[in-house]
């Protein structure tokens, strides 16, 4: 589905509603102009017109229809093919949703194809149309605007993840009976991993754009690309930090569970050590041996037995205290 | 065993059934033509003819007969020797099966040697014969077609592994009594590791082909090779993700087993703490001391003893509740 | 808020109290002179004058007002933009506090912007004003002075962390009942991780300055920058050491908890093994079977039962001793 | 001890039994000839003649007598010094034995020095003497033959290790009561580690030889060196795989021990939960309170107590079944 | 404190006892000569003369007085500043002691400054004075001699560590009741880590010297430097091996403790499973129910009860044997 199709000259949108083919023709005729066609989940036949109008490479087109690419930048002759993975973190579901944006960039055109629910581009078009000073630098300005939007989205995800990790994992796992079990840590790790595969492979393409290694970017846009690159690097280094924090939290959980296990076992050992001997002693004097029964009739024998029990308990308490087992 | 032997001119198969030697001769005589000889597990004597026809290097031939190579690309003078490891995942047996394809590539010929059950090439020959536009670029088009087929096989394995990891490992390991024990995770890790040694070493050779560093590949085929490279990189990065997921799952299993151990032990401690003192008390009043028996005849002494037991139990229940041990 | 604004000529401060615009003008008119404007958490409107006076780049200015950057060095045309993260370790709270300093450096000016409570620059200005021999090398001398101050701050943090790790973690975790639980190790790891993200990204910018790759630094200042770089590298390698020590300490805690668990359990097993059989024996002779009661009337039956109990205990003690369970 | 000393011309051994000095002289006089002196654990004085005959460098000679080097290739002026570590795996003792071969290579000579029991060179000399086509390329052919022999030895070790890891570690560790304890895994890891330090440092020297970076190797020998390099890379990547497998096996052992611990403890908890309450109940009715004894004389009181016990057991069994504790 | 000050010409020590200033003057006047001043923990004022005599750089001098540097090589104009960390392993205390040597090297002088008890240089001076053939190559020969001495010290430490790891850690940790607890492994890891930070950063400086990248070293000395570099690389790779061995040992300890825990618990479970039911049975027949007491008077009721107990025990023993719990 074609969402929007426009031609820009000297940084300003021309008042036309061209088809893709017309947009190409107009932009070729006029100097300092370029066409921007925006599509959403195009079917093969829908995309055919656009493909022919701009002479896009067969392989890139196949990728654009199938989606499911990893972020990349490829040079086909004198045009670029860029794949981006915008993300959105749905806090309630602890879920990182990932979309896909594919860009075909030529000297005088840019075709953007979007898949999935994440990474809406209408807002981006409005934002960049309000900056004719940038837009007059050509399609690379649009690439910048889209990249900036995607990376801004990453930064929001990073902030949301940071909050959730601090509140739901770190705060809980440091409590003696916190709610964060290993399952929660695992699930969070999983989300971070998924987010990592969306944002990390983008570093190298953005660097190539920022350092003007692909020929489409002039010095002005390069400075803006550098800014995006910088934000992206911060995102990636935060993701690495999250992974380390979550690994540490998993380790901490194991260690503190193990420490608690020891406490519980110590408690059981104390109970058993105190009462098993006592139970034996009372059982001993409950035996029905005639001789025994005959010789424990007096009060003093009873008193002596009770005293023996008390002494047993006391000695054990002293031992436990010395070993630091009583708290 | 020679499976198929053909000469192609201008991207079309000539209507001949040549021997290897004839194929060589014909392809040398005609311009824009090359020979493709396909073999399956050739014996040394079978391979001798082919070797002499195309002047293959002694060492590469030895490799081709012995198989058991790792994926690689080697330059011998002005010909290439490429080793590929096609894979197939047999879901029912949780087993990654690995075959071997060896390619000898010259200016005007390609010899393909296949070992094992995986990585059938008849389909590849048909597919590429239906693309004369590619085939007219010479043997490198055949290399592309075979690489594309092998990497497509990797992508299927990745999808199967992903499904199995999600359904049989992740889903289970997050359940309190899931079926995925450490043995299952270990076995899956093992398969992923085996798959990794088949696909990962191929990255560097494909990159050399895609970047036209070995001289056989023109710009058109390079673009297609780049596409293969891209799919391969995605495969490798997915494999890394799988390894991380499985490591995390192993850790999770250990941590949650440890947490469950703590629960079971707490339960045992509660039972022992409740009943060991009671058992002692009842044993105490079961002793046969004459004095004791004489003084506990009345109902009130009995009632007092029962009350003491009840109080003991109540106090412990309160303590357990405070420590959060009763759930 | 503008903290201080001065013009330096030949390494000495001119006796002026200029506004930012005047400072720019004066420094442009005079040879061998430059302006240094110091700001603290400027608001957008406050910063506007400075921005216009020195022609700072829109993107850098945005960063300077928002703060929350990672340490970096960027080249905008013929000016530099540097971000630093000074740190302070508050021992009592086990907390690494992080500030932010942003520097705009041109041929004839330096603008320093500070955020947060850490990394005060008044002292730095005084120190560097006392070294006209350095200051006459221009703004790069001020960059050196600030970097030196920040890295000196890192070294203090490293010393504080080292003390705390040795005293509160290592010493404790090697004791049988040390106070350092996994929570303490985790919290310390967290602080070290935070400090790492402040100091480690600075290595690359400082290296670029020290190796004179950005054109502002002459050979004299380069030697001083190298000195800073050296201290920074030592800081970073110490941080890596801390991380390894803390990981080892976590592992040690787990292993020694596990060893203690084994001891406690051995103790419980000994108690149970000794008394459960005795309790059974005493219970056995406490049964009310008429035949039994009739046949255990004599002293010798009683003595035989007691002897049997004693033998049981002795045999077990011998077994335990052989297995090394009695310490 | 000098094992063998020969001069080769045009790839064929001359019919001489020269001393080292004579060998040098003969090889210098004749074109297309070189000398090969083979020594076994030479003493300093024994080696002195050889050293003077071929003008070997003091430092290399010191290394050759002391042995205990790591694999390396060094260039001294226009001669090479190569250190190799041949290995042999003694399956019965689970022991990787390591020898040492040192080669001094000049334009017209090669001196081989062997230490230890592993890496016999007589067979290598016979093999290479049967290939005059290679031998006529000079000393580098001998270097190839020795390298090929050493790397072939590595491949045998890899196969033996693989068998042993699969049969004695993997197969056992996946069984519920397998014989492979952590001690066995540790010992195997240790052997793999030792083997790794013998073979891994050789990669870089062989690469230098294969890529003709040291000037002694012509294109023909380079192809053979490449073949050795390829086998060596496979060895090293297999060693990395072994290390990962053994790490995983160690993890698996810990996890499955932990799971079994849980099972054993559950069993203990069930036993204790069933019998501790019953024991208390029976103890309760065994107390000697006069009032109690008087009121439990009838059959129905007894039947009620037995019923209470049965109900207690039944309720617990139901609870255990619900929690999945009864298997 | 100045330890020794000498001038060397053509590799031989001149018969003078010059002050630092005289040494400088003499060495400047004579060709093929250089001065070597050796200091031990100089105070600032003591060092001032030397500094002025040889024109040392302010920053390097500051480092030399403060010490506490990491190993490095720095170029100040046409002189070098080198920091070394000699080490000594005190076996009895399990302690790696670290000293510090700082070298200022110019065309015609070398100033060596030593801190701490480790790394005595008097022996080095004697050794190198006995090699005029090396000494005539100038200050770089002294640098070689000192480096060689320091690296030789590393090799001794590596040997001592290897012995101690094998005897006190590995041998013990493989025994069922070995003395090596996690604390011992931790302490050894700590020492290895400290040693690593002394020797590893030296690799890069020595490589620069060996590859003649700093201009002071001629080809002859370069060969000797290469020899030192080689020994250093072996030291560093051994240290990596130690770290891996100790990590494995820690893991092994955890795993085998866990396995032993399981054994102890199994034992406890067997004891409890055998005796808890028996105790209940004996308690049951000890109850004072009138009806019960009346009906268990005959010998056969008693025999039946004893038989029931025996059967209970037998059944359990069979079950335990089947589960492999009885060893």
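Each chain gets a letter, A, B, C, D and E, in the order it is written, and its residues are counted from 1.
The rule is short, and it goes like this: contacts are C-beta pairs under 8 Å (C-beta built on N, C-alpha and C of every residue); 3 or more make two chains touch, one makes a residue touch a chain.
For clarity, every value in this text was computed on a predicted model and none was experimentally measured.
A.B. asks: By label order, what chains touch chain B and chain C together?
C.D. replies: Chains in contact with chain B as well as chain C: A.
A.B. asks: Through what angle, between 0 and 180°, must chain A be rotated so its C-alpha atoms fit those of chain D, rounded to a multiple of 5?
C.D. replies: Best-fit rotation on C-alpha atoms: 145 degrees.
A.B. asks: Go ahead and note the Å separation of the Cα centroids belonging to chain B and chain D.
C.D. replies: Between these chains, centre-to-centre, one finds 24 Å.
A.B. asks: Approximately how many whole Å separate the CA-defined centres of chain A and chain E?
C.D. replies: 39
A.B. asks: For chain A, which residues are shared contacts with two or more other chains?
C.D. replies: If we look for residues of chain A contacting two or more partner chains, we find 254, 258, 261, 265, 268, 272, 276, 279, 283, 286-288, 292.
A.B. asks: Among line, ring, star, complete and other, which best matches the way these chains touch?
C.D. replies: The chain contacts form a single closed ring, each chain touching exactly two others.
A.B. asks: Starting at chain C, then chain E, how do the chains run round the ring?
C.D. replies: If we begin at chain C and move toward chain E, the chains come in the order C, E, D, B, A.
A.B. asks: Would you pull the chain C residues touching chain A in the complex into a rising list?
C.D. replies: 57, 59, 63, 69-70, 72, 74, 76, 177, 181-183, 185-187, 189-190, 193, 197, 201, 250, 253-254, 257-258, 260-261, 264-265, 267-268, 271-272, 274-276, 278-279, 282-283, 285-288, 292-293, 296-299, 301-302, 305
A.B. asks: Which of the residues in chain B end up touching chain A in this complex?
C.D. replies: It comes out as residues 170, 173-174, 223-224, 226-227, 230, 233-234, 237, 241, 244-245, 248-249, 251-252, 254-256, 258-259, 261-262, 265-266, 268-269, 272-273, 276-277, 279-280, 283-284, 286-292, 324.
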